[in-house]
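One chain, chain A, appears in both complexes that follow, with chain B as partner in the first and chain C in the second.
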Partner chain A sequence: MELATFVQTLANSLVLGSIYALVAIGLSLAFGVMRMANFAHGEFYMVGAYVVYALYALAGWPFYAAVAVAVPVVAVLGMLTERLIFRPTKSNTLAGFMATAGLAFILQVLAGQIWGVGLAKQVPMPIVGATEIFGALISTQRLTIIPIAFATLAALWVFLYRTKWGRGMRACSIDPDAAALQGIDIRKMSLLTMGLSGASAGLAGALMSPIYSVTPYMGHGVVLIAFIVVIIGGMASVEGAVAAAFIIGFVHTFGTTIWDGITATMLGVAFMAVILVIRPQGLFGQNPV
Partner chain B sequence: MNTSKTLQFALLSLAVIGGMILLPQGLGLYSVELLNIFLVNVILVCSYRMTVTTGDWGLAHIVMMGVGGYSAALLAKDAGFSIYLTIPAAGLIAAFVAYVMSLPLSRTVGFGYFIASFAIAELVRLSWLKFDTLFGGVRGLINIPIGKVFGYSLFDPVIYYYLSLAVAVICLMLMFQIDRSRIGIVWRSLSTDADLARSGGINVSYYRKLAFMCGSAFAGVAGALLVHRLGSVDPKGFDLTTMIYLVIWVVVGGTGSFWGPIAGLIVMTFFFEWTREFLAWRPLFFGGILILFLIFLPNGLDGLLRKLFDKVTSRGGAKQ
Partner chain C sequence: MLEIKNLKVSYDKVEVLHGLSLNVNEGEVVALVGANGAGKSTTLRAVSGLVRADAGTITLDGRRIDGASAVDVTRAGIAHVPEGRRVFAEMSVKENLLVGAFQRSDKDGIARDLASVFERFPRLEERQIQMSGTLSGGEQQMLAIGRALMSDPSVVLMDEPTLGLAPLMCRQIVKIVRELNSQGKTIVLVEQNARMALSVADRAYVIEKGEISVTGTGQELLHNPDIKKAYLGIA
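Let's turn to the complex of A and B:
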């Protein structure tokens, strides 16, 4: 592989890793804190992309204003999911998970009926042009994703480890009953968790909308990757999810460049299977999944 | 079961089978084709219930059906096997693939099992796309020979219906016996309390693998029946959407009894036909039904009927 191709692939895998990290962190957070396993997480990502399509490509808003609206919209969707699906099925994690599979169907149909199923929607690139690094030309739009994702992940880290609310959330993930005895409102915490989880998925979808085409079914592939990432990183481990997201980002991008997309996905799943056999608790996990 | 109950049950089964034998006489060809698919789905839902009695709700089952389908297609096309051989061989191959898949899968429980089974099944499904010289890639395999039974061509849907009915009755009898045997009881104990079962000397990992393999074997048989009828097989038919429909059938029916999933399948098949006009909205209805059942009727129609039955009998002044 030539240097220019290598640098280009490396940059693309950083971009992809950042997006995977944003998506997977929401899934891992919701599962870690309140055992809420969201199958519709990929559809949250899809809704984020559609909000940008509607506001930026159709209504002509500035790109980042559309992104700024997509994040709270999907956060509210996450909170509604907590209130209407996860709270009533609290006693059974799998019931909540399967019910959100139904939600995924509903969101796909709604997106298809509102904006049409036919051709994939193209969102024009807000920043046209490319940046040259070591002879490789990389789309500037793609590069902007890396700092945004890192800033979001850093903010999330500060929130979880340096604020009272974040500490409350982590307390719930370790022992909900003990946390409740300390006066932490578990319901409020799970509502907040699903809000954050939705917000990060919505942000990822919004940022990716100019790069990938927007369709009602775009969440399918993303949710598979997010699951793989969460298992490799260790269920409920936020650090693990970020590390695994970049590993899978590298595997996918290099796999796609050297072979093809299908082989890349198969490599990612095979890697997950190997991790499960040799280290069932995942790279950073404490307990077996 | 005491003798009079056994007799009742045997008479009821005979009546149902007799009814099923007479059924195609009064129906058009389209309805017979629907019945053929229905019989395949009956084997599918019962075998899925078999794996979930252990508490392992997985998302691999539809792909195991695909493994059976592809095996039967390749054996019939390239090796020239007759349909008598391809159907059991498809079951055995699916069970073997299930064994290999269970090596990493048995390391996970609960939610981890659910998503790992989805990912590993996707690996199998993608391999059909990837190795296109063998499996035909996106277009899949076509011109799968249908063959004959007792000199009658299976191309006739009514003849095929009788073959499917015979296979379905045999599969259901086997699954019913397994469900009532010691193995079935051990499987159910795993979903109630796996730790207690382990401390009682039960090899939990072995029994979970066994359940997945047995369920997959019957799913493989269903897959073979399906591809021989359709004459073709492609990876799209075994995707996640199809798997979620299978989950919906089983959740609506309830897994508490052997017959629950079949009831769910019947109700949802009628619902599927009635919503033909609203094709684009259909997944929304099904998704909504899934959510409502999981929240309000987590034990499905089976649980609902049982509750109603208990209420009626206790009000009627029965001895309980």
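Let's turn to the complex of A and C:
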């Protein structure tokens, strides 16, 4: 592989890894605190992209203003999901799974009804042009995703490891009963978790809207990858989700460049299978399931 | 101070406490002893709001706390050291202690209590950045007790604090219970190790099949022939 191709592929891996990390971290936080898998998580990502489409591409707002609105909009969507789905189905994990799968379809149909299902929506690039790095030309818009995602992940890390509510969130995810005995309100914590989970998925979708085509079904592929990432990382492990997101980002991008997209996807799934065999609890998971 | 009247609790419609009553006065160490499955832990779990009572009342200083959430019970001044210690294994020792102070916002008070926990348990201070899952059983028990103290409670509920610990460590726990009590904490101690519990308790209740069967001072029960036979292994 030539240096230019290599650098380009590397940059794309980082972009993809950043997006996977933002999406997977929300899935992992929600699973950790509530032991619920949110099948509508991909649709949170999709809604984030549509908010940018509506405000930036249609209404003519500045791109980053649209992104800044997408994040709280999807955070509220996440909190509503906690309040209306996870809280009532708390004692019944299967009901929670099915209800969020239903929510995924509802959000897809709603987006289709409002904006149409036909052609993918094109969100124009806010920054046109490319940046040259070691002879490789890389879309500047893509590159901007890397620092934004890294800053967001760093902020989440500081929140989880350096603040009272973040420590409380980790305690809930380790042992909810013991956390309740410390005076931690699991309901409030679940609401906060789903807010953060929605916010990070919404941000990922918003950032990706000018790069990938926006359709009501765009969340589907992403959420499958996010589940793979979370399984590789260890279901409730945030560090694991981030590490696995970049690993899968690299596998997918390099796989696609060297062979093709389908082979790359197969490699990612094969990697998950290997991990499940040799380390069933995931790379950073604590307890073998 | 803590008063339980006619408490009935069931798990999956099977009643395990059939109208249990007991009271704990301020400054006392009260032990609940009895066989495995008699309902000792359930009593503590009902007090701290982890299980709902079907009937009966629980009051703390005259205020009803049955039906209150675990959060409200903690805020009311009751700390619960759960059975099996339940430290947050993937968090450091210091983080575990800070989580214990979750519902407090007095920074100075938290710092003072953290220092006093470290003074009480120098082992924990040495290992404050270590993941608590890597501690020995005895150290984890100290951490669980320290974590409970971080909420600055007036009543400490301890569920089987000596379970699985070496004899030397058990004596250490007894010492800690006495110390905490002499510093003004009211303590409710649940133990299968009846000898240990009765020797440290001012008063004790024997729980059999979800009801109180015998009550008296720790010394009385230690010398009660029936208790000796049933729980102390002496004919």
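Keep in mind that, in the parts below, the second predicted complex is superposed on the first by the 288 of 289 C-alpha atoms of A that agree within 3 Å, B and C clash if a C-alpha of one lies under 4 Å from a C-alpha of the other, contacts with A are read in each partner's own complex, and residues count from 1 in each chain.
What we mean here is this: contacts are C-beta pairs under 8 Å (C-beta built on N, C-alpha and C of every residue); 3 or more make two chains touch, one makes a residue touch a chain.
As the structure is a prediction and not an experimental result, all values here were calculated from the model.
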Three-chain arrangement built on chain A, chain B and chain C clash or fit: fit
Chain B or chain C, by number of chain A residues touched: B
After the two structures are overlaid on chain A, angle v-u-w for chain B, chain A, chain C in degrees (C-alpha centres, nearest 10): 90
Which superposed partner A:Ile184 touches (first chain B, second chain C, both, neither): second
First, second, both or neither for A:Gly112, with chain B first and chain C second: first
Touched partner set for A:Val277, first chain B, second chain C, both or neither: first
First, second, both or neither for A:Lys164, with chain B first and chain C second: second
Contacts of A:Asp175 with chain B and chain C, given as first, second, both or neither: second
Smallest distance from any CA atom of chain C to any CA atom of chain B, in Å, after fitting: 14
Contact set on chain A toward chain B in their complex: 31, 35, 37, 85, 88-89, 92-99, 101-106, 108-110, 112-113, 117, 220, 224, 227-228, 230-231, 235, 262-263, 265-266, 269-270, 272-274, 276-277, 280, 288-289
Touching residues (chain side chain B, partner chain A) in the complex: 57, 103-105, 107-112, 114-116, 118-120, 122-123, 126-127, 129-130, 240, 244, 247-248, 251, 280-281, 283-284, 286-291, 294-295, 298
Residue ranges of chain C in contact with chain A within the complex: 48-50, 69-71, 74-75, 79-80, 82, 86-91, 95, 98-100, 102-103, 133, 147, 151
Chain A residues within the chain C interface of the complex: 164, 167-168, 170-171, 174-175, 177-185, 286
